[in-house]
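Encoded as structure tokens, here's the structure I'll be asking about.
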Amino acid sequence: MTTKKRLYEIMEKAEKGDLLSRIVDLFILTLIILNVTMVILETVGGVKETYGESIEIFETICVVIFTVEYLLRIWCCTADTKFARPLTGRLAFMLTPLALIDLMAIFPYYVFVLVTIPPDYTLPLRLLRLFRLLKVGRYSRSMQMFGRVIWEKRHELYIAVFALAILLIIVSSLMYFVEHHAQPEAFSSIPTTMWWGIVTLTTVGYGDVFPITPLGKVLGALIAVLGVGMFALPAGILSSGFVEAMQESHRGDKCPHCGKDISTHG
Amino acid sequence: MTTKKRLYEIMEKAEKGDLLSRIVDLFILTLIILNVTMVILETVGGVKETYGESIEIFETICVVIFTVEYLLRIWCCTADTKFARPLTGRLAFMLTPLALIDLMAIFPYYVFVLVTIPPDYTLPLRLLRLFRLLKVGRYSRSMQMFGRVIWEKRHELYIAVFALAILLIIVSSLMYFVEHHAQPEAFSSIPTTMWWGIVTLTTVGYGDVFPITPLGKVLGALIAVLGVGMFALPAGILSSGFVEAMQESHRGDKCPHCGKDISTHG
Amino acid sequence: MTTKKRLYEIMEKAEKGDLLSRIVDLFILTLIILNVTMVILETVGGVKETYGESIEIFETICVVIFTVEYLLRIWCCTADTKFARPLTGRLAFMLTPLALIDLMAIFPYYVFVLVTIPPDYTLPLRLLRLFRLLKVGRYSRSMQMFGRVIWEKRHELYIAVFALAILLIIVSSLMYFVEHHAQPEAFSSIPTTMWWGIVTLTTVGYGDVFPITPLGKVLGALIAVLGVGMFALPAGILSSGFVEAMQESHRGDKCPHCGKDISTHG
Amino acid sequence: MTTKKRLYEIMEKAEKGDLLSRIVDLFILTLIILNVTMVILETVGGVKETYGESIEIFETICVVIFTVEYLLRIWCCTADTKFARPLTGRLAFMLTPLALIDLMAIFPYYVFVLVTIPPDYTLPLRLLRLFRLLKVGRYSRSMQMFGRVIWEKRHELYIAVFALAILLIIVSSLMYFVEHHAQPEAFSSIPTTMWWGIVTLTTVGYGDVFPITPLGKVLGALIAVLGVGMFALPAGILSSGFVEAMQESHRGDKCPHCGKDISTHG
């Protein structure tokens, strides 16, 4: 076996029990989590001032490792028959979602190094580093399952979201008409009233806007009772999809006759 | 085939793959969505002052197209055997829900043109134009499915809403009795207390009214724990109805033996 | 058939299609709803002052009718073999839940007439008239179904409520310990903190109490994410019980082979 | 049968119908509930000042009884073949979770008696007595069932919690970026914004923090509509697991052919 092929196994998909591949995976996963935690804590007042230098060094180390990882992936991807051609194959590999995420994970650092960033764009660029979190998707069975559930239920979710949008427009227009005169600030226009509509129909209920006229309260009460059920639909769709997906992933491990685990079944 | 019959196919129900019919549908659908968006944005402060003229022109164009659409539908509806008679058939067609919605979509405009509206009635009439949104129902499978689910579950929903009304009366009367003396403003009467009841039982919880006496808090806590489950019923009913409806609409596409898609099944 | 037997049929359980029985039922049901609506509206400021006399007259008429209804039920109940004995049978009938509700529906009125009530006890006695609402239970299939679902799921609900109580104690004790020093008013004791606990775990979230210390917020966040699922259990139990009950009540009407309505099945 | 064996039966697991064992169980259960209630009420202002001495005496009695119970359990545990060896068997028994809970239930009292506690540590030590609540787990079928459901669904819950954590990080980072400048206090850092994220996504919505900029409101609305469904997942998982567990515990009592209770089946 060539070095490239072995490297490809380690980086991308190894057989179960390949210890080295597992160690590399765990190392990169730990690095991602530590790095994301650092980016998050960096925004806390005082942290940057106190630990600024250590953070800078750790960030550089991380980016170097992620860059090496990225370059190695591109180099060894030709071991896969799909990306076998030296140039076009590598280009096709670079355009896969996971490779793009890997690129975005290192990209902001090099922008900072190469270009002088105006202070207004510093924060968004620093936050872009949080895209590294998506690198976790490669290793996490749970994120893959979530992605699959959302993909499988996309029709149901699309229908639900479309119906919710129409419900929201109707509900907000009615409430705007009823409350506009009493609260010209909070219900200044239909789009503004939609903020009330979503806060109410998702039952978040911050309490920053709510009807105060008797008619507005009657309407708000009706909307809450009837509409909350509708806005609970995406939750129901995702829940049932998730339960189905879990059952399917377990099915192989169970006896189809008695439902018990094969492993304890003899 | 006569022109009328062809027009009827284009406007109402064409076979799958009828390109012209699809284009007309998409054109009208786009117009509805643009027009509704305009009506919504018109309520935002400053928009009307700045873009008033363009809005007026676009509104007129829309109404003209919707009027032509409405008249064409009435003219060619006699191509359907149900509405075959020239006069009584057309009248029956005009009283179908979808035709009434089409009429309501253009009606406010002509009222404005023909009658001098007192300023107090301008806003409601302008908002009536949002009825155009219901025209989307003709094209949207998701809205039709929602309508069907609500219709199929109407008995369950009726029972749930009736029980919720009784629960709300009991809960609000108890809370009124307990909190009336401590907060004579917020709990001034049983109907006023119902506002608290609904805001609490739907778990919206704006925070504008809540019990402050110890007894009121104990009662409120009991009501929240036991009542929230009841008010989640309509959501549960709609959710399960929606999941059933989606499964039924998929059933035709699946192999009854293995549950896989027919299309991928060979 | 004797008058008593016929009266019993009309008052209690007649065969389907007994028109007189249906009319009497509807008349009493309407009277209950009107009367309860009146009791509710009476608490609104100004209503009693303006319509006081009409309310008083309507109340008297209602009580007279309900009293006649109650006495007739007691008189004719001996037509039932269960309550056949003139004295002990009638006494047994008077102790059935529905007969006790009938008595409670008229009892407050006669207390007002016979005894001079100290002003402090006027409001509770007036509100006791709302017990009339429970008379609706005799006629409402939806309330009977709700009662049955709660009864059938009583073990599940008991287990859930017991577990929730223990969860609430643990959660409130932890939060009391963490937030007591920062907010000695809102988190003054464990029972006070339970108010926060219930408002949070049912996701009502009025916003009158919430943690303000960083540790309290971390704890509150963990409690919210993990505990909300537990407090949604009674809702889930009731929902599934209700869906089951509805399916059972429909089962008789459906073909067991194809699941379609017998009536449309031929 | 030796005294030790009989004692073991009474304390740990007796056959059904063993009256003495049941009485002892109920006695200890009552004592736990009374004692926990006392610890909770002790935190209410004034209670300790007024009933301090009685509380102290009751606490001592409880601890003496719990200590005797604990020592008896350790003495007689050798009657079980698993813990048969006098020394190592007893040590193994002392390390079982239930025995550790029993020890923790009496431990704080002896610390108070033996060591002088600095006033800062008095409250946490007093609250540690609430661990006695966990002793209920030995007797409560409902707590055991809850524990089993959480254990059985641990994979699903782990996956859901992991995905929620990632969702929370993404959502909070976006919101931090959008609202940071408008509300530098409430959205001072990403970890602070997570408080908003959890309060919103669990739909608690206290109203202490919410977006105020238009962009923040649009983002908050999108997050609420799409994210609430995700955060409802643990509730759905627990609910379905609980329903399954209840059905399983009932299964033994039902006829597998018709689903009716065996007892009423003949």
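Which chain is which? They are A, B, C and D, in the order written, and residues in each are numbered from 1.
Here is the rule we use: a contact is a pair of C-beta atoms (placed from the backbone, for glycine too) under 8 Å apart; a residue touches a chain by one contact, two chains touch by 3 or more.
Predicted, not measured: the structure shown is a model, and the values here were computed from it.
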Task: Could you quickly compare B-D and A-B and let me know which has more C-beta contacts?
output: A-B
Query: Which chain's mean C-alpha position is the greatest distance from subunit A's?
result: C
Query: Which integer distance in Å separates the CA centroid of subunit A from that of subunit B?
result: 32
Message: Report the inter-centroid distance (CA atoms only) between subunit B and subunit D in whole Å.
response: 45
- line: By the touch definition above, subunit B meets two or more other chains at residues 203-207, 232, 236-237, 240
Field: Chain contact topology (line, ring, star, complete or other)
entry: complete
Statement: Residue set of subunit A touching subunit B in the complex reads 155-156, 158-160, 162-163, 166, 169-170, 173, 176-177, 180, 188-192, 200, 203-207, 210, 217, 221, 224-226, 228-230, 232-233, 236-237, 240
- request: Flag every residue of subunit C that touches subunit A in the complex, lowest number first.
  value: 203-207
Query: subunit A touches which residues of subunit B in the complex?
result: 36, 39-41, 43-45, 123-124, 127, 130, 133, 136, 140-143, 145-146, 161, 164, 194-195, 198-199, 202-208, 231-232, 234-240, 242-243, 246
